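There are two complexes below, and they share chain A, which is joined by chain B in the first and by chain C in the second.
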Partner chain A sequence: MARLEIDGISKHFGASRVLEPLSLCVENGEFLVILGPSGCGKSTLLRIVAGLIEASSGELRLDGQRIDDLAPAERDVAMVFQNYALYPHMSVRDNIGFPLRVAGVSHTETAARVAETARTLGLDALLERKPAALSGGQMQRVALGRALIRRPRLFLFDEPLSNLDAKLRDELRHEIGALHSLTQTTTLYVTHDQVEAMTLGSRIALLEGGRLHQVGRPLEVFSRPATSFVAAFLGSPPMNLLRGEVRSGAFELGGSRITGAPVESGEVVLGLRPHEVEFGSSGAAARVEGVERLGHQTLARLSIGAQHAVVCREDLESLAPGQTVHLCFAPRAAHWFDARDGRRL
Partner chain B sequence: MRERRLGPLRSTCYNGAAMLPGALLACCASSWSAAPQEWRDRRLVVMVDERSFESWPGLVELEREFEARYPGLDVRLTDMGGAVGQQDKPRFMLTGDLQLDVARIDVTEFGAFLAEGALVDLEPYFARDASWDATQYLAVIDGMRDARGHLYGLTSTFSPYVMYYNRDLLRAHGLDAPRPDWTWDDLLAACRATTVDLDGDGRIDQFGISLTQWLQAVTPWIWQNGGDLLDERGERSRLAEPEAVAALTFVRGLLHEERVASFDASFDNQLSQGLFQAGRAAFYGPVGYWETYRFKYIEDFEWDVAPLPRGQRAATSLAMTAYVVPRTSREPELAYEFVRALAGERFQRLLARIGNGVPGRISAARSVDFLKPDVAPASEHVFLDVLPQARFMPPLANWRKIEDLCSSELQSILLLEQCDVAAACGRMAARTDEYLARERVRAARPRLPEGTLALALSLSMLGALGLFVARRGPRPGRIARAEERSAYAMLVPWALGFCAFFFGPALATLVVSLCEWSPLRELGDARWLGVDNYARLATDPTFQRSLAATASYAAASVPLGLLLALALALLLRDEGALATGARTLVYVPAIVSPVIVAAVWRFLLDPDRGLLNDALFRCGLPTPAWTRDPDWVVPSFVLMSLWSVGGQMLVFVAALKAADRDLEDAARIDGAGWWRRLWHVTLPQLSPVILFNAMIGLLNAFQIFAQPYIVTQGGPGDASRFLVLYLYESGFRHLDMGYASAIAWVLFALLAALGFTLWRCSARWVHQSARRAA
Partner chain C sequence: MSARVLRWVALVVCASLFALPLVYMLSVSLHREGTGLGGSLADLAHDAHPENYGVALEKMGDFPRLLANTVVVTVLSIAGQLLTCSLAGYAFARIEFRGRDALFVAVLATMMLPEQVSAIPRFLVFRSLGMVDTFAPLVLPAVLGGAPFFIFLFRQYFLTLPAELTEAARIDGCGHLRIWWSIALPLARPMLVTVGIFTFLAAWNDFWSPLVYLFSPERSTLSLALASFNRTYDTAVEHMMAASAVVLAPCLIVYFVAQKLFLRGVQVAASKH
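The block that comes next holds the complex of A and B.
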């Protein structure tokens, strides 16, 4: 277990800036998920921490000791890759035991620790197989085993579940959570999947365009997104972001005036989660463009003037395309963002 | 002695002859009359190797005169090629039945061409030619007669072997020029007196003699000592007899015991600056007139020629080239006329003036054009004076083979530091006798019944087709059958090409490998031998040495090539101008023709003047004799092969770029250092490519040809007679295509077995799953 400090780390390749100066702290035993869309720089950040890429500026400290000038092997970190990165010519046993072998650990101890790790991950019966003879889930378990066996101070996960199907992803996600509970090793986990972020992370750090948007506990980030990007990225279906004008403290939308805007005037973005919108007899008028019945709930796709919104509820069975509905919501369901920079108001 | 027989001549030769008026033939040599027929769209192909010399304008003049004489006729002068293998080109044209109307051949080729019926008998033409007079030519012309006395060609130039000497160097050591009757003892004494370490560095810089070492140059010593190469019937070697052994012991003694002779005068070294030209050898020889062409540029000292020193008797060998009309001539009448012109007064005098050789025509040979009183050598008459003692090599059909059989042992006698001359001569004699006996047996074998080859090919094709049909799975459904028909329809053009140009010829060589057949004869003329050719391989020491040389070359060049290519790929895998530029530089030799590579390395590896030895000498390191040393010649070719690893390097670079970098990253995080990452991560990922490169490298190594063909021609001895070179020599030099085909099939089987073994072993170290897992 260790405390990781990322202090002003940035990265650029020539004129292309991949990471803006970024500071972040992963506490002892914490499971921090870095969440963001493809190309946002999250894997770059992880590789910088691992020592595979050199940062353009900033410092990394692990338990107060600077590690950014150390070789990857000297940082005492273990990493699980998206494509498993298993050595194809080695058996499962050799793959798991490889870090100990290169560290010069005795054969006896290596064998014992491989057996223990394999037992923990349910790989006992697969130890003599080559990676090509394993399923995706099994391969990722082996990759986990190779990371676990070193008992590192810091775990790094680079989208480890991306290559798996939905069912396996769920299973392995659960296993990773359980393993973390068991080992309590400080973990930095990169993903673009909000479900993994919400379920696994002690905290979530949201990254977009190389810039850190918000760091916080999952529910906190979900319920109080710091920016419109965070609001739109988290949640499924994503939050409706409706752009409009505030005049005299009231937000004009679909012919109605909505009060509660935190500014007196100006252009703002109103964020509404699809689950928190109801239909009533008054309120902003919207036209139903489409209805998607998912079984336990129904999605209604609406147009409000030139803008679009989605409402997701269980009681919309009678709704039909072409209908006009009126939107209403509780004041606490409204999230207000600055239309210019997306910051929460 | 002469076992000559007339081969079948094409009837076209005579058809054309009958059509041409005798009057035309009667005056063709002196003044050509107008052609009474239409010459449009007719062609006369002339291949003589005068192109390299000043005689080219003379040839062009003849060409123009012919074309003016016969309006519409296209006279094409073609080149015979370079110094290496120039005798091969006419053979290829004859083999391919390509039109070749006039060719210049070496007299040592005459026996083979005559035996295969490859030349047109000129006697009928002489008979109709009133201007023909054989007495206008020196007696050397008899070298182109068959057993009946029929002439098949007219002498271009000839040269007896003589001794060149540096008059100034002899004078500086108080010695006189050699007398006409000087002896071996005189030579030895003069050599001892003139061999000197000039700069006192322990190495001899000035030699008594720069000693030529090919068979024709060495044979005079044997003749002078009362020995001979073969008996009078040409059926038994006399090389094991004491006279021959003593003669070769004397020659070897000059090199190794007396150490008064240098090694630099092998035939290939003639292309480079020789010791004699540099003024560092008192004598040079035995060698022919052609050297005067090179030596005319010598200005630093006075030189001349003398008869060879005599042993028990005076003797020398005789080289000669002659103009012939090959069997594949489409215009034999015109060809005869052109041959007469080439051997005529004007062109012969031109050849004499420029120093191509001694002209065969008496008037030219005795003219000032040849004798050149004001130009060195002063004693040009020596080349005519020694003619009574001069002899040709035995005019046997298979002389080339016998020459090659002897040459390897001869080189061993002359070049190796330790050699039992009597034993080596015994081996030469035994091999020659064995070969001659086998040839007599083979000649007695019956010819294949007509159509046998076609039948065998047809049956093989049908067999292959039957096998294909028999191995087909269950009858497919209607839609599948329709698709199958379309597929076959599209495959037919390729399949036809495959059968016509690969499978068919391959099968043909299989049949030929069971026969005795010269490529100069029709395929139907093959004689059935069964598995004799294969059995002969098992006991052929040249083949065994060839196989050993090839295997050792492959064993060294393939792994070393892989290692070097891999190392370069790892070094130059990155992007960036420097790495890209370096990759380009490394790759360039791989796309250069092997002939060029060989030519460059020939000079780099020259033991005396090569850059490599020069650098080694400057560093105080030993300087191997490289291609001249049997122990170093294979390493020399390995070194040469390493120069061309650019192709393999590129394949490795491509594989490295496609490799999964996450694996290497994972290993770095796991704590693996550079070596462990290379061994445990990079190499396993590259293993399929290593297998590919190893397989291709193995195939290439076993098929090495151009380099030894250019650099060593298989020598010294058989040390670099690699399999394909031996195959080529057997097929096109010895005209034994059956044996060459047997070698080809053994080579194929060997490569298939090696490839299969490598592939089977690869299961242990090649990780085909590398990409799939990633």
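The block that comes next holds the complex of A and C.
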């Protein structure tokens, strides 16, 4: 276990800035998920921590000790890759035991630790197989085993479940969570999947365009997004973001004046979660453009003037396209953001 | 006629064209001494002379020693070539250093230099090192990575390996030398076989270097001994062809044994980057 401090780390490739100076701390035994869309710099950050690429500026400390000038092998970290990165010419046994062999651990101890790791991951029966003879889930388990066997101070995961189908993804996600509970090793986990972030992370760090938007516990980030990007990125369907003008403290939307805006005037963005909006007899008028019945719930796609919104409810059986509905919501369901920079108001 | 039949006909014609010189060589080698190059295959049915092979080996001199010398030179050349060319290829593919690409272009540019151009300076160097009439001038160029084409082949092959493999190995504690040995080389088997076969053929059939550097009969190689059959007035073509067939046999055996891996190596080299 260890405490990782990322202090002002940035990265640029020539003129292209991939990571803005970023500071973050992963506490002892914590499972921190870095969440963001493709190209946001999350894998770059992970690779900097692993030592695979060099940061343009900033410092990395593990338990207070500078590690940014150490080679990857000297940082005492283990990494699980999206594409498994198993050595194709080695058996499962050799793949798992490889880091110990390189470290010069004795054959007897290596064999014992491989057996123990394989047992933990349910790989006992596959030890003599080559990676080509394994399924995607099995390959990722072997990759996990190769990381686990080293008993590192820090685990790094680079979108480890992205190449798996939905069922396997759920299964392995649960296993990774269980393994973390078992080992309590400090973990930095990169993903673009909000379900993985919400279910696995002790905390989530949201990254976009190389910029850190928010760090917090999953429910805290979900219920109080710091920016409109975070609001739109977390949740399925995503939060509705409706741009409009506040005049004399009231937000004008669909012919209705909504009070509760935290500013007196100016352009703002109103954020509403699809499941927190109801239809009533008064409120902002919207036209139903489409209805998608998913069985346990129904999605109504609405247009409010030139803007679009989605409402998600269980009680919309009678709704049909072309109808006009009125939106109402509790004041605490409204999230207000600055229209210029997206920050929460 | 279906496309499949046409393909077969084309293959048989091509195979026949390539096999013809071999068949001709074997045919001449079995004819009665003095028949020359004009004998027909039909004559062999009632007048074949396999004893030509025994006579040819006798004429070559100390055949076991010639064979041993050639094997030593070939094996050392293959080992040296595989070792240094794969190392250089790995460095050009996987290690980032200043001037890497320019250096690679410079290495490739040396391919344009015919061997004969550097023959005299090279001879002078080896003579000053006291290595003339030893196997060193035949083997050292291979050991020192003197084959830019093979470096190029290895580099192309290593470029096809996923970067995650080397990254995973780095995190697992490997330096570049260990990655090259434990990860890259075992995965480059087709390329090792391809370069191995090319080097084998070049070293086994090399006539130029042994002719320039080897003077003592006890250091002679098979190719030099083969050349000694060619005389102005008394060339026994049948014996020369029999000796040629014996010298050629290992080349054919090596190719057929390693054929599959060789083709895979050539395909990769031809298709990537």
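FYI, the second predicted complex is superposed on the first by the 345 of 345 C-alpha atoms of A that agree within 3 Å, B and C clash if a C-alpha of one lies under 4 Å from a C-alpha of the other, contacts with A are read in each partner's own complex, and residues count from 1 in each chain.
What we mean here is this: a contact is a pair of C-beta atoms (placed from the backbone, for glycine too) under 8 Å apart; a residue touches a chain by one contact, two chains touch by 3 or more.
The structure presented is a predicted model; accordingly, all values stated were derived computationally and were not measured.
Visitor: With the two structures overlaid on chain A, would chain B and chain C clash, or do they fit side by side?
Guide: In the superposition, chain B runs into chain C.
Visitor: Taking the superposition on A as described, I'd like to know which of chain B and chain C A:R146 touches: first, second, both or neither.
Guide: both
Visitor: A:F222 in the overlay: touching chain B, chain C, both, or neither? Say first, second, both or neither.
Guide: neither
Visitor: Is A:P131 touching anything from chain B or chain C once the two structures are fitted on A? First, second, both or neither.
Guide: First partner only.
Visitor: Tell me the contact category for A:F329 with respect to chain B and chain C: first, second, both or neither.
Guide: neither
Visitor: Between chain B and chain C, which one contacts more residues of chain A in the superposed model?
Guide: B
Visitor: Where does chain B run into chain C after the fit on chain A, at 219-227, 291-299, 327-335 or 651-659?
Guide: Residues of chain B that run into chain C: 651-659.
Visitor: Following superposition on chain A, which residues of chain A contact chain B and also contact chain C?
Guide: On chain A, the overlap between the chain B and chain C contacts is residues 47, 50-52, 71-73, 77-79, 81-85, 87-89, 98-99, 102-103, 146, 150.
Visitor: In the complex, go through chain A and note every residue touching chain B.
Guide: Going by the criterion above, the answer is residues 47, 50-52, 71-73, 77-79, 81-90, 98-99, 102-103, 130-132, 139, 146, 150.
Visitor: Touching residues of chain A toward chain C in the complex: what are they?
Guide: My answer: residues 47, 50-52, 71-73, 77-79, 81-85, 87-89, 98-99, 102-103, 146, 150.
Visitor: List the residues on chain C that touch chain A in their complex, please.
Guide: Those in contact with chain A are residues 162, 164-165, 167-175, 178, 182-183, 186-187.
Visitor: Which of the residues in chain B end up touching chain A in this complex?
Guide: 660, 662-663, 665-673, 676, 680-681, 684-685, 687, 767, 769-770, 772-774
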